[in-house]
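Per-chain residue numbering starts at 1, and chain names A, B, C, D, E, F, G, H, I and J are given in the order in which the chains are listed.
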Amino acid sequence: MAQNNIAVLDTSIADRLPASSKTLFDAKASKGLTFEAIAQALGRSEVAVAALFYGQAAASPEDVTKLSALLGVPEATLRSQLLGFPDRGRAGPMPPVEPLIYRLYEIVQNYGYAYKAVLNEKLGDGIMSAISFSTKVEKETDAQGNNWAVITLRGKWLPFSRF
Amino acid sequence: MAQNNIAVLDTSIADRLPASSKTLFDAKASKGLTFEAIAQALGRSEVAVAALFYGQAAASPEDVTKLSALLGVPEATLRSQLLGFPDRGRAGPMPPVEPLIYRLYEIVQNYGYAYKAVLNEKLGDGIMSAISFSTKVEKETDAQGNNWAVITLRGKWLPFSRF
Amino acid sequence: MAQNNIAVLDTSIADRLPASSKTLFDAKASKGLTFEAIAQALGRSEVAVAALFYGQAAASPEDVTKLSALLGVPEATLRSQLLGFPDRGRAGPMPPVEPLIYRLYEIVQNYGYAYKAVLNEKLGDGIMSAISFSTKVEKETDAQGNNWAVITLRGKWLPFSRF
Amino acid sequence: MAQNNIAVLDTSIADRLPASSKTLFDAKASKGLTFEAIAQALGRSEVAVAALFYGQAAASPEDVTKLSALLGVPEATLRSQLLGFPDRGRAGPMPPVEPLIYRLYEIVQNYGYAYKAVLNEKLGDGIMSAISFSTKVEKETDAQGNNWAVITLRGKWLPFSRF
Amino acid sequence: MAQNNIAVLDTSIADRLPASSKTLFDAKASKGLTFEAIAQALGRSEVAVAALFYGQAAASPEDVTKLSALLGVPEATLRSQLLGFPDRGRAGPMPPVEPLIYRLYEIVQNYGYAYKAVLNEKLGDGIMSAISFSTKVEKETDAQGNNWAVITLRGKWLPFSRF
Amino acid sequence: MAQNNIAVLDTSIADRLPASSKTLFDAKASKGLTFEAIAQALGRSEVAVAALFYGQAAASPEDVTKLSALLGVPEATLRSQLLGFPDRGRAGPMPPVEPLIYRLYEIVQNYGYAYKAVLNEKLGDGIMSAISFSTKVEKETDAQGNNWAVITLRGKWLPFSRF
Amino acid sequence: MAQNNIAVLDTSIADRLPASSKTLFDAKASKGLTFEAIAQALGRSEVAVAALFYGQAAASPEDVTKLSALLGVPEATLRSQLLGFPDRGRAGPMPPVEPLIYRLYEIVQNYGYAYKAVLNEKLGDGIMSAISFSTKVEKETDAQGNNWAVITLRGKWLPFSRF
Amino acid sequence: MAQNNIAVLDTSIADRLPASSKTLFDAKASKGLTFEAIAQALGRSEVAVAALFYGQAAASPEDVTKLSALLGVPEATLRSQLLGFPDRGRAGPMPPVEPLIYRLYEIVQNYGYAYKAVLNEKLGDGIMSAISFSTKVEKETDAQGNNWAVITLRGKWLPFSRF
Amino acid sequence: MAQNNIAVLDTSIADRLPASSKTLFDAKASKGLTFEAIAQALGRSEVAVAALFYGQAAASPEDVTKLSALLGVPEATLRSQLLGFPDRGRAGPMPPVEPLIYRLYEIVQNYGYAYKAVLNEKLGDGIMSAISFSTKVEKETDAQGNNWAVITLRGKWLPFSRF
Amino acid sequence: MAQNNIAVLDTSIADRLPASSKTLFDAKASKGLTFEAIAQALGRSEVAVAALFYGQAAASPEDVTKLSALLGVPEATLRSQLLGFPDRGRAGPMPPVEPLIYRLYEIVQNYGYAYKAVLNEKLGDGIMSAISFSTKVEKETDAQGNNWAVITLRGKWLPFSRF
């Protein structure tokens, strides 16, 4: 039965997301499409597509055209709702209350200084960009049949300017 | 000149870390060792070793023996300071104020729901463990000579129990 | 008289819960069903069923079918509202302001380190999972006629990975 | 090797605990005693004893006498440091940053309203006392060899007074 | 003129209270009844009745019948809105911003430890219950014609269990 | 045995209190005096005396003389430490983490609006002063042998000025 | 042109104010009246009248009659909306985000202890009442043509009671 | 007797103030000087002098010379401690916990929007400066013998620039 | 394609902005106008115009007339919505969650004290006004084709008054 | 007289800064050097040098050599204290309490969305880097003799990666 295979938008968080989120998630649910299927159609990563649905990433004109066709939403509707620049960062509270998202936060809390120390030694005084940045999610299954989630973060290294 | 190649402990955060942090970082600075070198000697990941130095990961008895030899700290001192179970999560404030660590936090803030949606669709209702978990940091240099930081998070998938 | 025997949904918190919460609680009130009765029908624990009503636990397809029959809500309605993965953690504020829930919070505040110390000594460096987890509530009456509430938490022990 | 079998006091949290915490934990470490051993000697639960060490529970005169003998700390020292009434609730920050303690907090966050609903239906309008209260920790090993932690909370049911 | 003799519900806080609050306060305003009058009719304390109006205390079936008669609200309406268990603690923000309520908060802030010290010496290690509890408000006028408010808090003493 | 009859100062909170707190509590512990005994000697309420010890109330010159005699602390020491005006409000965190003090806070949280409504109806638009104010603590024992704590708050009623 | 001479109610804060605020501000805008004009008609201070419009001060029956005549709002409407006791303190966030209001907050932040020290020396151990209190705003123009705002706060001195 | 006539520095807040605060307050206490006396000697307002003592205002070279003479502190000591620019705003927590300072905060909370509305109507779109600013404190005694505190705030009006 | 060239208003933040924001942004989107074009028509800086659209800056009568003509919104509508004085500071949360705005916040966090030290040395004890203030944004492209954003802040220097 | 011409380190914030801050500021004060003079000697911007003194920017080996000569601090001391990578962001609290720094924060609060809108329209979907970044401070004096502070922020534009 389909109900636990498709991520949908919890109505109680729709208020803090752009209008496009409801449009996109409703169409996705009605078409029964996974992010994997949509990502393939758009030629983008699944995480990027999910971020676009949550209003955290921009859509190109080609994305809009393809989404319109795939989801059966009039292109004009999508274009007007995806018009403009994403206003990021408001999808959920911080610290996160959702257990899955909290685990990621906890990784930053516990390993933040360790990442900094190792990155500084490897790359100098700077930061890993979260803008010149991509990320992906993979599923692995080990020999014992256990599933593992693998998240990769890849960001450009930006050294602090000397001035 | 060496001074920007070795991560050291900022004295102003030492108070919220265990006594072992000061011991280990002082010895590291005095020996001029990188986390890469120490990780190699311990057969552990660099991030794990840095986490151990910040009091965020446990040391095995073998780690203690090797660290004692490598860092020139009496084994008894290390053993007594590393005695016990790490009391994690107190290395830095949340939200992080350090720009490098903030970027990781921002990734969770912006992409948290996207990760959740994609992971749920791939693996069902559950979480990626931050305990049955490992992580590593790599440096990549692209064709244009730009450096990139790549962080990999790998956690066991834990489905919510039905009860 | 029935009014204090059935837990209902306070309308003023419905906004932060999924649409299914209102549907389920309204039907429960109108049928006059306790969580005990619903749990029995579903073959699940009372706490799990209440959590499902508050949007904090997933329903299986069989749960949906049984709930539809029991509560007199069309299966299609329930299926569409319970479609997707729970977005947990938003039922109430933390620290809790409700006295009953605050007492549980206070137990964590007062005994948290004691639990950690005892669990570490019994089971090593790790955590008790809140995901591979079940919980139940029991009522006991002592010889003097006093009632006692007994809450049991049972979680898989996850040792920190060495990496 | 002993170092990971005995819970000790992280020096960086000693400042927010009473003087007795350092005295007791230092003696415990030096004697290599587990909370199980101490609890047995005192005829109390392990969690209660750990709570006493963290300044979250009171010691009776008999406890003081037995602790003095067991830990090799002069009774006068212990008596003066354990003199008075515990000033509870300051052992760690809330929300907890320690992963093990956070999991307990998360259980309250996710299941708080479910506990309330079920307890109200079973016992009426009231709360489970955290004062007329006891708690214990047990280790279970299932058929597959997995370890499970079981925490039991037992509190007197206090109905709200009608006035 | 009547307008400043009757406490009414500020519409801007109605959203965080149960539906019964609006029903009860509207009827009270329209009948021009004081809490004193309603308390007399119900045989309860004024504070308890006001708490009931704000959703912070439970109504018995007899209360509902009497309120229906007194306020001219259909008993079925009241019963359905007062059905269930109060979800307490959400009437106002903490720290309070209302000057009258802030003064009570300030008393806790300034005298909290003094109360604890005196109560501990008088009654031992425990707490004054806020559940097995009643409270009342009285007006006194001194010889100079000054008015004084007297608030009495009476709670059962709960000693911490030894376990 | 004396140890649980005398309230003492937890060393870990001494830092946020004036120097007089440590002086006074140390002398009280060494003399084994209760607040009841000291209050009797000073002709003041026990709560006022405890507040004075915690730096939350002023001492008159006569109080200083009597305290010096009673506690065996040189009058000059006391005078210099009690010199000046109390800097109130810093004895403990808010919300309180101590269970006893939290219960008082919870009473404000739950009944704050009810107190306001009843006081407004009885006394008009104004507040109960926390400055022109006194408070006392009493112990009652009911017919069943249960102990009850009774706290009385008495404050001058201040009507809002019309301007 | 009138538009910048009349203070109006920002629609986005109306939700946290009583219904009377919208009624009063709408009528004020439509009549083009300044607070100076309204204050003159009511025989009250401008700040008090503005506070009344924001729901932070009570209206007397005479105020209601005069406001009705001046603003052209039916007296019954005003009476019902101004019925009851103000629920103060919710007009804006603290710390203030509005620059003008923030400057007042900053004065408290920077000079708070200085005010306390000087007031204590002049008047003893006590506070300046914010209830037995009036305030006014004046405009001054100096010889160079610069404008200055002068705010006067006048509050009754309340000595702490000795008890 | 002197002890309640001179404002002194609570030792527990000295840590967040500059070194000069302790020097100045210690000398003031030892000389038994009021702020009124010091202000007269310096030709400055009492509040300004108290602010200088709390590290919230700058001293001129002439102030330093006069303070040295008046307080009996070597000029070199004062000069080195008062060297530099004040680092303002850290004297106390916000919201204030001290009752006297809280009343000022409450005035901003309750009347902030009223001040803004009246000032905007009188002076246009702008703010009252807290920098081009002076303030004073006066004591008034009314016909009934009641004391009143009067605080005057006078700040330059800064219109928002049009750009 | 146009959709990413025009900044629009995210519907989910419209609630905390004045009604004029929606009117202005809707018209801007429908006319396809950039802030550059509107700024040129008004003879104002782009940032000032954008601030006006977000309710953070005042419009002059001439601005209203020109905006009406340019955007095709009736002048009466604009006049009534822009009537009154801006209620600033509520456009977004602080700390900012939007990555672009966060970077500005981070600059204040990291360089705040450095700015203060340098400005104090150059200009004395005072502040840079944010009211007598203008700001602009420029785009630069370097020899390698990289784009740079240049933000200039120019504020009047206000020395602290001596009083 | 020199005392207000040289920025020094407030002792009460030294605890949250690296050890180098005290060393550098003490030497600067003793040599009576301005940041302008030090910046000239190092060939860096004044703000960068002040940031280096506050531990917010890295020193190159050449900087260390020059600072040692200029300040009269042994090069080995400086090298060991400046060894390692800055741990940024901890110089002061956010929101800032220092009036000068608060004004910068207020500019972000008030103009943040305006900057974003204008930058997005000029440069697309991205951010202005705070890492590939430089800043400077200038003093201007206008025809009327008023001083103005001009702060320039110049950051590389980073477009969000498409992935």
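Note that in this section contacts are C-beta pairs under 8 Å (C-beta built on N, C-alpha and C of every residue); 3 or more make two chains touch, one makes a residue touch a chain.
In this text the structure is predicted, and so the values were computed from the model without any measurement.
The interface of G-J is repeated, with over half of its contact pairs matching by residue number, by B-I among E-G, B-I or B-C. The distance from the centre of chain C to the centre of chain I, with each centre set as the mean of the Cα atoms, comes to 47 Å.
Inter-chain centre distance (chain C to chain J, centres taken as mean C-alpha positions): 51 Å. Centre to centre, using the average C-alpha position, chain F and chain H are separated by 29 Å. Among the residues of chain F, those touching two or more other chains are numbered 4, 6-7, 47-48, 58, 60, 85, 87-89, 94-99, 102, 106, 109-110, 116-117, 120, 125-127, 129-131, 133, 135. Contact between chains, as defined at the top, is found for A-B, A-C, A-D, A-I, A-J, B-C, B-D, B-I, B-J, C-D, C-E, C-F, D-E, D-F, E-F, E-G, E-H, F-G, F-H, G-H, G-I, G-J, H-I, H-J, I-J.
Taken in their complex, chain H has these residues touching chain I: 44-45, 47-48, 57-58, 60, 85-86, 116-117, 120, 124-127, 129, 131-136, 158-163. Partner chain D is touched in their complex by these residues of chain F: 1-4, 6-13, 29, 96-99, 102.
On the chain H side of its complex with chain G, the touching residues are 4-7, 34-36, 46-48, 50-51, 53-54, 56, 88-89, 91-92, 94-96, 98-101, 103-130, 133, 135, 137, 139-140, 146-157.
Contacts from chain E toward chain H in the complex involve residues 95, 97, 99, 102, 106, 109-110. Considering their complex, residues 15-19, 55, 58-61, 64, 79-80, 82-85, 87-90, 94, 130-131 of chain C touch chain A.
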